[in-house]
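So, here come the structures, one by one.
Two complexes come next, and they have one chain in common, subunit A, joined by subunit B in the first and subunit C in the second.
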Partner chain A sequence: MQQLQTSNSSSAVSPAMAIRQWLISQLAEVLSLDPSTIEAQQPLTRYGLDSIDAVTLVGDLEDWLDLELPSTLLWDYPTVEKAANYLVEEFDVSV
Partner chain B sequence: MEKLKQYWLAQQLETDLGDPRDPTQRMSFAQTAAIDESEEFPDAEIAWLYDYNLQDYYVPTSSGGKFTSFEEFVSFVRVMSRRDLNIAIAFTTMFWSFLTWMAGTDEQKETLSRQMRDEHLTMCLAYSEKEHGSDLVGGGVTATKVDGGYLLNGEKWPINRATISGLTYVLARTNPEGGNRGLSLFMVDKSQLDPKSYYNLPKIKTHGIRAADMSGIGFSDCFIPDSMLLGPEGHGLELALEGFQITRALCAAFSQGAADTCLRTTLNFALNRQVYGKTVVDMPHARRTLTHAFLDILTCDCVNIAAARGFHVVPEQFSVWSAVDKYFVPVTLEQMMSDISVVLGARFYMRDEHDHGVFQKMLRDSSIISVFDGSSVVNLHALILQRRQLAKTRKRLKPEKMAAIQQRLANSFSLDSALPEFAPQKLELFSRGADDIPQGLPLLIEELKAMHVDGAQSVIIEVIDLAEIILAQLNVQDEVIAHSAFEHGHGQSYESFELAKQYCRLHAAAACIYMWRYNRQSLGGFFSQGEWLVLCIHRLLSHFDVSLKTVPLEYYENVFQELLRLDHEDKMFSIVPFQLARSTSTPEITENHATASNLQLI
Partner chain C sequence: MPFFAVRYGAKSLGRWPDRCDSIGLAALSLVLFVNADKTSFIVFLFEIIFNYLMVKWMLGREGKQAQWIATALIIFDVAVLAYFKYLTFFIEDVIGLTGGVSPDWKAGFPLPIFQSIPPGVSFYTFQMVAFVVDSLKARRKRPIKFLDYVNFVAFFPQIVAGPIERRASLLPQMQGFKFKFTAANFDLGLRWLSLGLFMKLVLGDNLFPFIKDLSPVADNAWLVWFNAFLFTLRIYFDFAGYSFMAVGIARVLGIRLTINFLAPYTSQSINEFWRRWHVSLSTWFRDYVFLPLMGKRKSWAAFYLFLTFTLSGFWHGAAWNFLIWGAYHGALLLLLRYAGRPFSRAMGKYVKRPQILSWAMTFGAVVLGCLFFMETNVNVLLTKLTTLVSPGAYSLGNLMGAFGQFSANELVALGWVMLLAGIFLLLEHIAIWQERSEYDLLLNPWVSRALLGLTILLSANIPSEFIYFEF
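And then the complex of A and B:
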């Protein structure tokens, strides 16, 4: 179980929200997008994330959370929202 | 060598096929040249291989066949490939059956096993489409769900054995919205289809493997029952990518067979050709060129034999190993063939001179290997995307992990160690930063330093120096990767591709050292002396900006003498030089370049 550190520990950021923020910032960085343009409910493929990129991003997510995750996680949960909810429910990730 | 049972089948097949230079033998260079000229599918030769029951070795023992190890598999594929790539590739499309061994139900496996072994069923892989190339997710062939099955629509092209095969693995879109879970894989048994609902596309004329059934297949409202779905609906892309990990590494064996023939025929020419009052083989340039070619074959052997064994030991790392193997081996050997063509002179280009023009034919036939099943660019790209993780993981390896790496490496490289059964369900789309070969280097260096080597003390010192250079270069590269902006997608820079190529060379150089370290005693003789190893690493490191100590010239000569010996004794140019079919017309070897009789390997 990973304790997620947020920039402001006094504000209550839910684990799902912390994961969302992380995913959005990663996507924005690797796809050279403005984070504000990424919507959590939109399919990741819409932003140009292809199949192997999605697998690579799971590798980064594993590093961040220090967890072993299914390599096809972002294929099966193809939006920021779905992926974040899945991680909280299945892996008990907490703040 | 006699202990290494995994080479017995290849050796027996050699004996039974006979010397390919003898025109009266099956699959001889004369006969395969005629097949090539006719551009007609080699039905009779394929039938002979079925009668030989070689298809049993494509079916795992757990499904009723005789497949036990990929090391054995690549050795017999080399035997076919050194004769003719048309035949070897046409027969070996059966390796696609691994998709079913990997993901099929017990019933699907049982049926396929029976059909392959008793009915000589073969298969093709229908993934590509004319408009989409390597972009599988972008494919346009659809499978629409209907009662009891699916309706297939669309065309697959270019597909090897699309027309002359009973089973077609079709990747089709089952979710109209697409996406990574939008594709499913079907094993379409053509005998169960309404013949009006599918059609074959015309034979495509090609530059090489001209006798291949290179064509395509189209479907129009073609009903296929649910039983033809392989794995769960929506898992087609995952299965396709994992299946490629298997076949990509096996493709290297095609190149190795072709390389053996090209070097053998060129050496044979150089041994007999007199110009300027000299035999060509005694001219320093030709001699060194041939020696380099032999070294390249040995390097590729270390990479590919380790990969073949590694499938059984570290399947979860094959997103890396397979990409390295499929890039490195075909490309290195293509370059090698091109390099030695100068020794053959104008004859390299002729279709009917010197061994029935087999050199140019191998050159043409083999040039597709680095393209099919994922091109060099596709493989390097797969590596680039994993490169950052590989660097991170290597940096934070802990001692307990190192011990496990060392154990796995011993199993992957010791040719006389028993291999676990291949577990395809352990294949993974990415390796989670693991690649035992570079990551085990620090421990390997320690082992080398502690090693006592009779009679090869200078070699061991050189190998340690070189291993340290490999490690230093890895460190440099990892630093570059760690500090560069990481790009996802298909916008990777040219420089990233060059770095990935360098990673493959470092991986290959390390593989050569492990192969030597783990088999020095069992393979003995020339292999054990390790001069070849020093030269192989030198060749690989010459692509890096490092200064290397000069290698004693006698190393080159000793390696050349081994090449002569293997040729004279009709043995495979390999780190495992198994017996080939005996030559029916061994050329006279003059004293000037005779083999050193004290070099006994097997």
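And then the complex of A and C:
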């Protein structure tokens, strides 16, 4: 079972929420966006995510979670919410 | 028709085992193939049997052994494709650059040389290769029945020009296949078929005669742009028309195929265009070329993306212009990524509706790309490109000359086709703005009937070949 360290360790954050927050902060950084403008239910391509971003983001996610993930993760699960839920269900990630 | 009549009679008498539907579908697909081209059919039959036996062997092995079998099979499949499609190009245009190829090399070559490629070979080879990889990665390595595999690869609506289907989506539909002639399938299937027929026979085929061969003189920039613009429209209506006919016919039989086009000319970026254009090929290259080539080298993603697009261009045909076309789109994606984002942010500050400008720039870039795609003669292509960058080629005289090439009747006919094409594309745009699915408005039952009526009335007298049958 994978253990996550969240930025806000004092408060209890569900694994899915922790992954969501991480994905949103990474997306905001990569795409130079305000994190508050990124909605978890919207397709990532709507924010300008391209193929190169998609594979590099999965690479960073692999490093963060110390897991081997499918390269097509963000194509198969194209929203922050779907990707986070998939990771929790498939890889049993916990906080 | 006799097959379905016999089936109906036997089924009424309760003497039609379900398995006969699978056999009937396979027979239908193979008979249509053999009638289309006997030589190609023999090649196809050999490939399908060989692939099936190899996959069966692979599924019975594990680890490295299974990987070696898969690798050998993929090399074989690609080699067969290369032989039919690229041999002449490789010898004459690549080795020929060194000047070391005799003009009558074909006479001394140990294998037969084909003037044209067997129909469907580019598409079914890719489907077979994807099947090998997906079978290797499959968690459950259950044996596959030969008949199901034949129906998976040879399914007649999509074998010649796709969509390139995947194991996970099509194979389960072929396992224990039964014709599902339900009212819902007929209704939706015929609506897709009407849409496809209208796109191909009314829009694509009626645009075709207006696309002029400008070689060897292509000194009118207006005409070069206009031809590329017409070709851009035609290739979409022709190829998407074919794909939607395949979707419609398959749906009538009870099979769901991939929707290969998602209103690509509504795209506001080249990225978006490639998510909407020839979806099954784009995702094939992503999953079986881009990602495996790159592997863990994610910092090289840009290079591999460019390489993948160049290769995807080359898949379209054995000629330099297709390579250039692929490289052009790869370069556009990189340009958009590294220069387009700051430009887009700046544009958003000063332009009230940047979406319209983004759409126009994307469509313009696609039209320019079609110039590379449509011109297989590199010398003529260079002449056209020179014309496009020559200010003098945009003279008023040339503009008048561009229109002067058509008679009054031709202008009226072209005007009508353009009007219909414009309305068609506008309905796609409206569907996107309203956040509906791309062809929701065009698949509306009343619109569908209107499209069928227009197809009966306005189909081109001389239908043109499907463009993608060449590939």
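Assume the second predicted complex is superposed on the first by the 93 of 95 C-alpha atoms of A that agree within 3 Å, B and C clash if a C-alpha of one lies under 4 Å from a C-alpha of the other, contacts with A are read in each partner's own complex, and residues count from 1 in each chain.
Simple rule for what comes next: a residue touches a chain if its C-beta (ideal position, glycine included) is under 8 Å from a C-beta of that chain, and two chains touch if they have at least 3 such contacts.
Computed from a prediction, not measured in an experiment: that's the story for all the values here.
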Of the two partner chains, subunit B (first) and subunit C (second), which one does A:V30 touch, if any: first, second, both, or neither? first
Of the two partners subunit B and subunit C, more of subunit A gets touched by chain B
Could you say whether A:D63 touches subunit B, subunit C, both of them, or neither, answering first, second, both or neither? first
Who does A:S71 touch here: subunit B (first), subunit C (second), both, or neither? both
Where does A:T45 make contact in the superposed view: on subunit B (first), on subunit C (second), on both, or on neither? both
Overlap of the subunit B and subunit C interfaces on subunit A comprises residues 31, 45, 48, 50-52, 55-56, 58-59, 71-72, 75
Contact residues on subunit A for subunit B in the complex? 30-31, 43, 45, 48-59, 62-63, 68, 71-72, 75-76, 78
Listed in rising order, the residues of subunit A that touch subunit C in the complex are 31-32, 45, 48, 50-52, 55-56, 58-59, 71-72, 75
Using the touch rule from the top, collect the residues of subunit C that touch subunit A in their complex. 269, 271-272, 275, 283, 286-287, 290-291, 294, 296, 298-299, 301-302, 305, 333, 336-337, 341, 344-345
As the complex stands, subunit B meets subunit A at residues 136-137, 178-181, 237-238, 241, 381-382, 385-386, 389, 392, 428-430, 432-433, 486-490
